[in-house]
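The data blocks that follow each hold one structure.
Note that subunit A is present in both complexes that follow, paired respectively with subunit B and with subunit C.
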Partner chain A sequence: MKVYIELYASLMALLPPGTQRFRREIIIDEGSSVQQLIDRFSISAELAHIVLLNGHFVCGDARKQQKLAEEDSVAIWPPVAGG
Partner chain B sequence: MNDEQLLRYGRQILLPDIDLAGQTRIKNATVLLVGLGGLGSAIAYYLAGAGIGHLILNDFDRVDWTNLQRQIVHNESRIGVNKAESARQTLVALNSDIQIDAISQRLDKPALLELAQQCDVIVDGTDNFASRQLINEISLRSAKPLVSGAAIRMEGQLSVFNVTASSPCYQCLYGNSANDEQLTCSENGVLAPVVGIIGAMQATETLKLIAGFGQTLDGRLLLLDAKNMHIRTLKLVQDPHCECHGLRGSVLLSDAQSGLP
Partner chain C sequence: MSWTRKILRVNLTQGTCTPEPLNMQWANDYLGQRGLATKYLCEEIDPKCDPLSPENKMIMATGPLTGTMASTAGRYSVITKGPLTNAIACSNSGGFLGNEFKNAGWDMIIFEGKSPEPVYLWISNDQVELRSAAAIWGKSAWETDDILHQIHQDPQIRVACVGRTAETGCLYSGIINDKHRAAGRSGVGTVMASKNLKAVAVRGTLGVGNVRDFGKFMSAVNDAKKVLADNAVTGQGLPAYGTQVLMNVMNGVGGLPSYNMKNVGFEGAQNISGEAMHEPRASDGKANLTTNAACFGCTIACGRISTVDKTHFTIENKPQYWGASGGLEYESAWSLGADTGIDDLNTITFVNFLCNEDGFDPISYGCTVAAAMEMFEAGDLTLEDTGGIELRFGSSEAFVQATEALVSGQGFGKDLGLGSKRLCEKYGRPELSMQVKGLEFPAYDPRGLQGIGLNYATSNRGACHVRGYTVASEILGIPVKTEQTATEGKAELVKAFQDATALVDSAGLCLFTTFAWGMDNIAPQVDGACEGDWTVEKCLEVGERIWNLERQFNNDAGFTSNDDKLPRRMLEEAIKGGPTDGQVNRLGEMLPKYYEIRGWTDKGEITAETKARLSL
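And then the complex of A and B:
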């Protein structure tokens, strides 16, 4: 099934070289969880700080249980502390 | 308010949301700003300009050449000078009508808490998770709202914590998991105006809390991706497992009293 992934800021570097857009369409297996999508891009738990499913926050514990549906959009932000 | 102040703050007083009453609240307010780096430069500049009556600036670091690209409250003549003191000198030149105190030592928890109790709003402009967690604790214990911003590379985050007992806190968002070393500006780089954007937003939220208008970022987190100029605001709720909420308004026990070694 088709879902969208948005990797923000430094996480964009994990997209294939030459990718200019931060939003990308990908095909995953039916019944995949949010965590399986995160793992597909090898994003560590530390870097996947804020995960949004269709704009709603998905906390760390829920990522394994939360299943994805066709056309879902997952956005991932890294942590930020600089000043 | 005297004629000079009416003239100086006239463009702000013109705003119906501020008016004379709001500007008077701003004049009577005390703000504690920790960190006079990139965020703190923009925060301090705008708060001093806007007429916050008493600014308490705290930073133990000294100005160096690598700071000047983005830390606009400092300048070449201040290399080697403590950042709180350097900022104080700049801000006094901008606005001699307000009280500005510079504190150049690294403050321990009791000292920081004592300062927090004197202020109306705490603003975090520090650059590491340990300081941010300490300031969050101080904000909870003193029950003073915390305007928290962070920026690195081309991204930033902003929120307002601990406004009420049901507000989320910094710990609800970050927990204890974050690793400092990978996330500082010195390690990762930062685009100069990005800290200014977030810092200016922090100053805006501070003025809103003090003058009492608009909808603050209490319970919301703003995410900025400057590379794609994408801004998103999402809902943030109190983490029911977050241990720090019991801290709200609680006194600080000494290590002996709390039974710690």
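And then the complex of A and C:
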């Protein structure tokens, strides 16, 4: 199943070489959860601070329950702020 | 007491500079900087005065921690009645000016009246004098800074000054210090220029040695610095990506307005993001971002120092802009970029340089141009009106031409200097101005973030994110995550952020420390430095008192609950598409509760009970 992963800020370093900016197409098993995708990139709970599934926050335990669907897009940020 | 207990009163009409003792009862009630200067202003001017008349006063103020060893403690604020809003104006700046001014032995300077000729104030510790500004009037802020350094032959003096737009009456001109730090919002520079005051140049060597309990203070300071260093935001995120890291975040969550806030979401966001600032350019292999930078005493260092591509049309024949200078923060990248539909990092960095060079607020300016673009595309503004500028969304060329017109103060540039509210009124489309109380919106859409909408509507200086930065909670999960599209609990959230921020702004500290610090980190530092038992509870009470004092000033100036509102677009035009599809701001669900917990009437007036509780 094809999904997209977007890693921002310092997490960009975890993307494979050749990735255009922050976004990468990934093939994962059917029925994979958001957390399994996070684990694939070895991102700790502390660093997976903001996790968006198609623009919507997925927080805490919901990451284990939330299954991914074809063409879903998951974006992850470490703790960031501005203003 | 880290107050110097000395203020300087400068009567520009008479040309006198007079030291006075600081009112220590007021210092105990309002702490310093924003709060204390607001108290002085409220006591000394008629809130109904014309902001650009000699009757208005302008106060430059430090906090009790300014110039101390506390992290980020180099701040100063400018407090006056603002010409863009006719409301209380308070604009805060970093850099090194605040520290120098405090080291010269002054807590604040009160400017009153109007000089018959252009002058600048020279301060060398307790030697102060008004000098002719003949050599610098008509010059940009950058030229003024250079000339004053040359005149005084001292590389260590610090300069705060206005550029050319303030002199020609642009209503959102700021005060620039250290060439690219700014007391940028609310038109405080316009007030300064209206007094024929071009600059303040300072050298201070007295030190800030009057800390109440040095051991306790340094213990609190060291503990708090460790918190900043260990925190992922202040220790890693902000130094690496600056505030600009938010561009992709806000676009991702459905909170990034674009095209004069017609839309939410910007297709070019990634091209003008903090991450894009790190990417090597094709022409020279260098990134837009040269380095990060810190203000005085700061252990975060979020500042951006950038270059524009030398081959870019904006600067290819202008070598004076080839060097590195103050780069894009998130707010300026949004207003100059997403809101105008321009995704060219070089163009918006260049325009940001011009904002610094001549001292005009990039938020208000970008929003004003965006409103003008919408009116131009709708046919409300013609080529004749714009002086031949094809002012369409996304046009870098038109944007640069418009900026040059603004700096010239001539023709359509004069119109742009009015700000979006007056510009849209002039051309018959007042509903296209995205502002509250006349101050243009920052970079967060109130339809996608309910709490920030309530904060904009109630902010004492008009639409301002740094009066109550609920984005921290609604999006960034600091200190806890709240649902961005919910209205429940937002009145309490807004009040808490507004009161805490008023205290931080009055201490001499940077608001960005609060991404890591709570009041339990701040209060011990204030208490170590100042007499008065500054507990967490007292700090929060003082913050609330300051907020209410500002509100009282506005009410006395003629503002009512009718001014606590958002543009119709935010309330009626729903977001189309993306994660916040269908949302409008539901201000009406939040505002009554906000008034109630503030202890105000349903008309937004402070009740007698609240005044008594806060000793107002």
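Keep in mind that, in the parts below, the second predicted complex is superposed on the first by the 77 of 83 C-alpha atoms of A that agree within 3 Å, B and C clash if a C-alpha of one lies under 4 Å from a C-alpha of the other, contacts with A are read in each partner's own complex, and residues count from 1 in each chain.
The rule we apply is simple: a residue touches a chain if its C-beta (ideal position, glycine included) is under 8 Å from a C-beta of that chain, and two chains touch if they have at least 3 such contacts.
Note that the structure is a prediction, hence the values are computed from the model and not measured.
Touch criterion met: A:P78 reaches subunit B and subunit C at once.
By the touch criterion defined above, A:Y8 lies against subunit B and subunit C together after alignment on the C-alpha atoms of chain A.
Shared-chain residue A:F22: touches subunit B and subunit C both. In the overlay built on the shared chain, the residue A:I50 is in contact with subunit B and with subunit C.
Within subunit A, the residues touched by subunit B in the first complex and by subunit C in the second are 8-10, 12, 22, 46, 49-50, 52, 55-57, 59, 75, 77-83.
Considering their complex, residues 6, 8-10, 12, 21-22, 46-47, 49-50, 52, 54-57, 59, 75, 77-83 of subunit A touch subunit C.
On the subunit C side of its complex with subunit A, the touching residues are 231-233, 236-238, 240-246, 248-249, 252-254, 270, 274-276, 302, 329-331, 465-466, 469, 471-472, 475-478, 481, 511-512, 515, 578-580. Residues 8-10, 12, 22, 45-46, 49-50, 52, 55-57, 59, 75, 77-83 of subunit A are the ones touching subunit B in the complex. Taken together, the subunit B residues at the contact with subunit A in this complex read 35, 37-40, 124-129, 132, 149-157, 174, 177-180, 183-185, 188, 190, 195, 221, 223, 225, 227-228, 230, 232, 234-236, 239.
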